[in-house]
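Quick one: this structure, given as structure tokens, is what I'll be asking you about.
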Amino acid sequence: MRNLAKPLPLPPRDALRLFERTRARSAAIVAPLAPEDTMLQSMEDASPPKWHLAHTTWFFEEFILKPRDPDYASPDDRFAFLFNSYYTQAGPRHARDKRGMVSRPGGEAVRAYRAHVEDALADLLNAGRDDADDIAALVELGCHHEMQHQELLVTDLLHGLSFNPLLPVYADPKPLPVPGETPLAFTRHEGGLVEIGHEGPGFSYDCEGPRHRTWLDPYEIADRPVTNRDWIAFMEDGGYADPRHWLMEGHAVCQREGWDAPLYWWRQDDQWWTYTLRGPQPVALDAPVCHASYYEADAFARWSGARLPTEAEHEVAFRDVELAGNFLDDGDRLGLMRPKPGAGIWGDVWEWTASPFTAYPGFRTPEGALGEYNGKFMVNQMVLRGGSCATPSEQMRPTYRTFFYPHQRWQMMGLRLARDVA
Amino acid sequence: MRNLAKPLPLPPRDALRLFERTRARSAAIVAPLAPEDTMLQSMEDASPPKWHLAHTTWFFEEFILKPRDPDYASPDDRFAFLFNSYYTQAGPRHARDKRGMVSRPGGEAVRAYRAHVEDALADLLNAGRDDADDIAALVELGCHHEMQHQELLVTDLLHGLSFNPLLPVYADPKPLPVPGETPLAFTRHEGGLVEIGHEGPGFSYDCEGPRHRTWLDPYEIADRPVTNRDWIAFMEDGGYADPRHWLMEGHAVCQREGWDAPLYWWRQDDQWWTYTLRGPQPVALDAPVCHASYYEADAFARWSGARLPTEAEHEVAFRDVELAGNFLDDGDRLGLMRPKPGAGIWGDVWEWTASPFTAYPGFRTPEGALGEYNGKFMVNQMVLRGGSCATPSEQMRPTYRTFFYPHQRWQMMGLRLARDVA
Amino acid sequence: MRNLAKPLPLPPRDALRLFERTRARSAAIVAPLAPEDTMLQSMEDASPPKWHLAHTTWFFEEFILKPRDPDYASPDDRFAFLFNSYYTQAGPRHARDKRGMVSRPGGEAVRAYRAHVEDALADLLNAGRDDADDIAALVELGCHHEMQHQELLVTDLLHGLSFNPLLPVYADPKPLPVPGETPLAFTRHEGGLVEIGHEGPGFSYDCEGPRHRTWLDPYEIADRPVTNRDWIAFMEDGGYADPRHWLMEGHAVCQREGWDAPLYWWRQDDQWWTYTLRGPQPVALDAPVCHASYYEADAFARWSGARLPTEAEHEVAFRDVELAGNFLDDGDRLGLMRPKPGAGIWGDVWEWTASPFTAYPGFRTPEGALGEYNGKFMVNQMVLRGGSCATPSEQMRPTYRTFFYPHQRWQMMGLRLARDVA
Amino acid sequence: MRNLAKPLPLPPRDALRLFERTRARSAAIVAPLAPEDTMLQSMEDASPPKWHLAHTTWFFEEFILKPRDPDYASPDDRFAFLFNSYYTQAGPRHARDKRGMVSRPGGEAVRAYRAHVEDALADLLNAGRDDADDIAALVELGCHHEMQHQELLVTDLLHGLSFNPLLPVYADPKPLPVPGETPLAFTRHEGGLVEIGHEGPGFSYDCEGPRHRTWLDPYEIADRPVTNRDWIAFMEDGGYADPRHWLMEGHAVCQREGWDAPLYWWRQDDQWWTYTLRGPQPVALDAPVCHASYYEADAFARWSGARLPTEAEHEVAFRDVELAGNFLDDGDRLGLMRPKPGAGIWGDVWEWTASPFTAYPGFRTPEGALGEYNGKFMVNQMVLRGGSCATPSEQMRPTYRTFFYPHQRWQMMGLRLARDVA
């Protein structure tokens, strides 16, 4: 466990509060859904909402209750097979692309499973055990794990609903405040021999460390993400069709998939529209562009004469800047993709970096199944930094590294430009 | 319309009764399902139960209410796009393999849609209109269409549930009566210049006619379908592995898919088991074998030294024989795959014939969208005759031609042997 | 052997002459090829010319020399693996789609293999053996087998060369005589209880028999195949885009493959061109249309208000009509796709029929590997009748049944219309 | 051009000598091939030998002769389409996976094309032009380009021949000297703020620069590559089957492809064999392992308790070490995969590093089509360092970065271990 999240000074009482808050947020996210909605699995990359609810529950059961509480009994031993995602050391598991085929246990049974685990875990945390600190650390990890799935649940749901020609509305479709146009400005950073990566108090994932030295040449980084207005200029300049801007593999995907705009966009009545969880919405010109793949982000950057920042450049630039995005929190659960005046620091969209997801120097995967958390994904994926309107605020920190394949677009993905100092 | 089902002497009052009975049966079939179950789409060939319920309703709306009732208003005009299956002349339609992505309208809205159409259609039939006979004919067609979908709903549901490792139970899992072993016997038919195909009163589909002459050499046909006991002998003799018994394409599919038993079978504790809507069941040795593809049926027949009958041979042999299978009717809705003593005439499983599905001499597709009902499928599919435990009894008649691709196994498909007279 | 070709009264001396003529024709066909050309395999359905030369040689070796001549030694025992096509009972074989990967044995070694087998076979036929008649029968079969491969070699070569942007010329590119426009006329046939299939002297394949009775309603059949002029009318009427004319599966293939004209056609300078073994040629309006799939032929027929004939209708109509097509013979080896004045009976293009390739009543596959010759292909393929400009004249007879999948277009395939008598 | 290879002080006379030497080596490599061999294209990643010969010639024509020599005429203007590989700015090009379909121009025509370009280029270099230095720089680039293709030609040929069950022999099959077992030892490096990348005289590719600073923690790197003996220990320990050692994506590929040994290995008579250009050979236990993918190399490293080095670690460790591998040079053209006593420095096999192929800080792609040389491949590929027995010695330098996809195995790929200093 140590490597996964050290140091972990979270007192058991705080762990319980975090646990309750996290679990309640999952319940709130799915509250507007009909049982049929919870079955949607639109592609292998995405999972049904009902599966997310059960899998995050299994995580607590598998890694805390079963090994720590000899009296714990699962409501159904077969859930371990159904709701394990990819932990080979936790045993065999159901095929990922068949999660949408599991109609049973149904919604009610999954809610009962959640309640069962929540009760058992609260008892465990309240029991005054010798290993309470270890348990609290695991609970904290489990909560962050569930928060990651909350974001996935939201993006998977959007993707699933997007195949419905009725363009269903998940959240309040009232118009969002629209920011005004902000000119693009860059801030200079001197770089040098810097340190990046997580260290010290507060939660982080294993792959955020070890903190280590790296060298940065001087660079500039934009004060705001690329906006829809910027993106439309790229589109109108023929950016999607011109292979000179693109990685070869990127343009092959672009042509094969027929991309000519970000995911969920379409043209109607001389205007660009986009499908959102608030239903169809006109594209807000000065909101950050969203649902662009790495291939597109990279092509845009090259077209604009700039480049994507590396993850080290991003971390150094933003670690002292307060967040200004819109978070998915209890008070504004449905604030999805809300551009607001003053946006432009970070937190509205994940920002693609130029960095492949690799191990930091000295990184070692922890022992056991939890060591599979991040390490085994370290190939062919690119790091994104920041966070999005769908990211719980507890997950937003400058060292956080999320990662996706360069062709993927269904997350809340955008970009920010950087450039060398001449 | 004339070609589709002529003559159609069904009085409007009887049409209404048929309509009510048919609609009620659909409702009864889905009564045990949870909303989540109604979303299952396990492959492009299969559709979610909820879609079947809506599509069969759309059929009445599209082909009767909209053209005939000027006051009729659909609850949602977009349903025409969502719930059209393949009728190109009825307009564009949703992608078949994405039907499982349509969580909305949900179950309640679909039930309301059904009630809305049912009320409107009852009013139309009761209105004493001049075109009441035409309407009644269309209603009869729509009811038979819905009955076909009732059978598909059942088989699609079985397929969808089969991907759930929990092996869910849809129907009462109590053991079924098991018939005793029946020796295989053949009945000789003299053939000659015979007539086959539908003519005269009673409903039939366009492809069942015109009635026409065809020549048959003398032949023998088995008195019962091939049983599981027979099939296991084939398996134990290495039948699946020996290419000499197989069509080349069939054996390629067999090897690619790793077939070594009928669909849904597995070996456990020295016994063969099969997954059914009653949950897992031991294979009943003397019940008809079910869920075998044409490729397998053809290989079995060759292995056994016999052959499959042609559809003409089948029709001539069974047109004077009373049905003895078990039907999916109101009184025994869940009698799925029930072997019973005395089974062996026909009606338990569909029986593969050696006949590709082609047009009878003189067949012409009717004008308009309803002309797409059968005609455009006349390539690469094989005819099955008889009916299965999932077939509504109104659908069982000696001229009925159902058809599937030779690799498909998810219907209730078996076979019966025939042979030349030396 | 008996079932494959009975009776076979060919005297050994005639068998030898047929053998020499056939082998010489293969050599003549490949004479214009460079060694690199003989390697072309453009798809799994097609084989490299060099493979055809070796496989047809292996056939004589495997089925005659090895079992009959105890002194026979193959130049390389591994050729049996390399050059067996699909005869499972003759042992394992090389993957069909990897035939283009076999650069060795090279052309010279294959020519030596051919000479080796030719010498051994001539010796065998000249040896005055007791089983000379049996051997002669097998030789006759082997020669017809090689003739089939001569046609495939030509069509596979055309397909292979067609991927070369240089549009290479195989045969003399001088302009061909162009027939004038011939109005479409139909001849009536009364049908009734007829007999079809081969019987009596002369070679035939197993699947051409047994001769048997079948019933035909009166019908009319066109006096000439559909021409390019006819086809262009279909194209200009939007025939490719209108699903009403098409089998559902056919239109799906059409759209997926982007078909809007026969294979090898393109539009240039306001004219249709086609790639042929004589290089690029303008489409001759009154030549039979060629390189159309069954799906296209069927759609054309429906569009034209007619239909395709069944194979029985075709056989009955043409069995007393002398051939008038252009054959691939020694005197005019390169007369490929030559329309000539007076064409229009049959023999220029294979003609799709409405009949799936199935067993005739009473058909049984012969024992042993040669029983795999035709029987195991009897599913999902459609029969074509007649013959093409690439078909050796010995192969042209009214009972001959060739068969291909409905999506295939690379053979010399066209069509002829039929219709019911009102 | 400047960015591609600066500074380029190669005098025109030396450029001509390099050109002649390089062109002669290509001719020598294909000398043992039959025309049929030159057609082999076994997968989209590989190209036929004949295509390599023509493409490398087109490179000189397209980038030097056409823009610089107004009198130059190509033997066939269509070659530009046929033999352009991926330079979009040099115009449209033939489909990569159809290169094996281009039988014409044949071998003789390609040799004539080569001679034509060679003559024209020699004239140009000898003409005493003002831009002679620029031309010499381009010729040097073209020669290095051709050397890269020489290596690909050899590995593509091996792959193509490997599908031939006859296991053809390309090179002298005499046994190779076998080195003795060398214990695994590591050398420590202190790291710190180092510089890597190319700078100064001598040829290099654009992606090898700019030279730049990077930070390295102390590390150890092995004195020899991993051997076949080491690899067999991994295999015998169940390494291929145990997902704990693998990247998730890597193990999925491993299972899908059925990998249980390096490419070209098989088990026979209790011994491991491998297919080589010398034909089948027993696996030499103390030669470097070859034909392992990145996924396998990474799994091996994790299993062994070590890791792969980064490319910076590799460059720093080996830039002062003299090469000791076996090169593909004029004197020993066929020295493919020859392990020799004392091997173990580098140059026998390419060595996978842990570094994705990305741009060095400050890298910018040059203007024009030559800017497509490396830059557009900078995603999803991993860097290999060193060189192999198939690499021309002029290509071996410590800054050289070759790159392949992590699943690819057909190059001469192996690995060397590294580890952190505790």
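Chains here go by letter, A, B, C and D, matching the order in which they are written, and residues are numbered from 1 within each.
One rule holds for everything that comes next: a contact is a pair of C-beta atoms (placed from the backbone, for glycine too) under 8 Å apart; a residue touches a chain by one contact, two chains touch by 3 or more.
Because the structure is predicted, anything quoted here is derived from the model rather than measured.
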item: Given chain A and chain B, the chains that contact each of them; value: none
item: Distance from the mean Cα position of chain C to that of chain B, given in whole angstrom; value: 38
item: Rounded Å distance between chain A and chain C, as computed from the means of their C-alpha atoms; value: 59
item: Between chain D and chain C, distance of the C-alpha-averaged centres to the nearest whole Å; value: 46
item: Contacts with two or more other chains, residues of chain B listed in rising order; value: none
item: Category of the chain touch graph - line, ring, star, complete, other; value: ring
item: Which pairs of chains touch, using the document's own definition; value: A-B, A-D, B-C, C-D
item: Chain C contact footprint on chain B (complex, rising order); value: 86, 88-89, 193, 212-215, 217, 243-244, 246-250, 294-295, 298, 354-356, 358-359, 361-362, 372, 376-380, 382, 406, 420
item: Chain B residues touching chain A - in the complex, by the definition given at the top; value: 34-40, 42, 50, 76, 78, 81-82, 94, 98, 100-107, 160-161, 163-166, 168
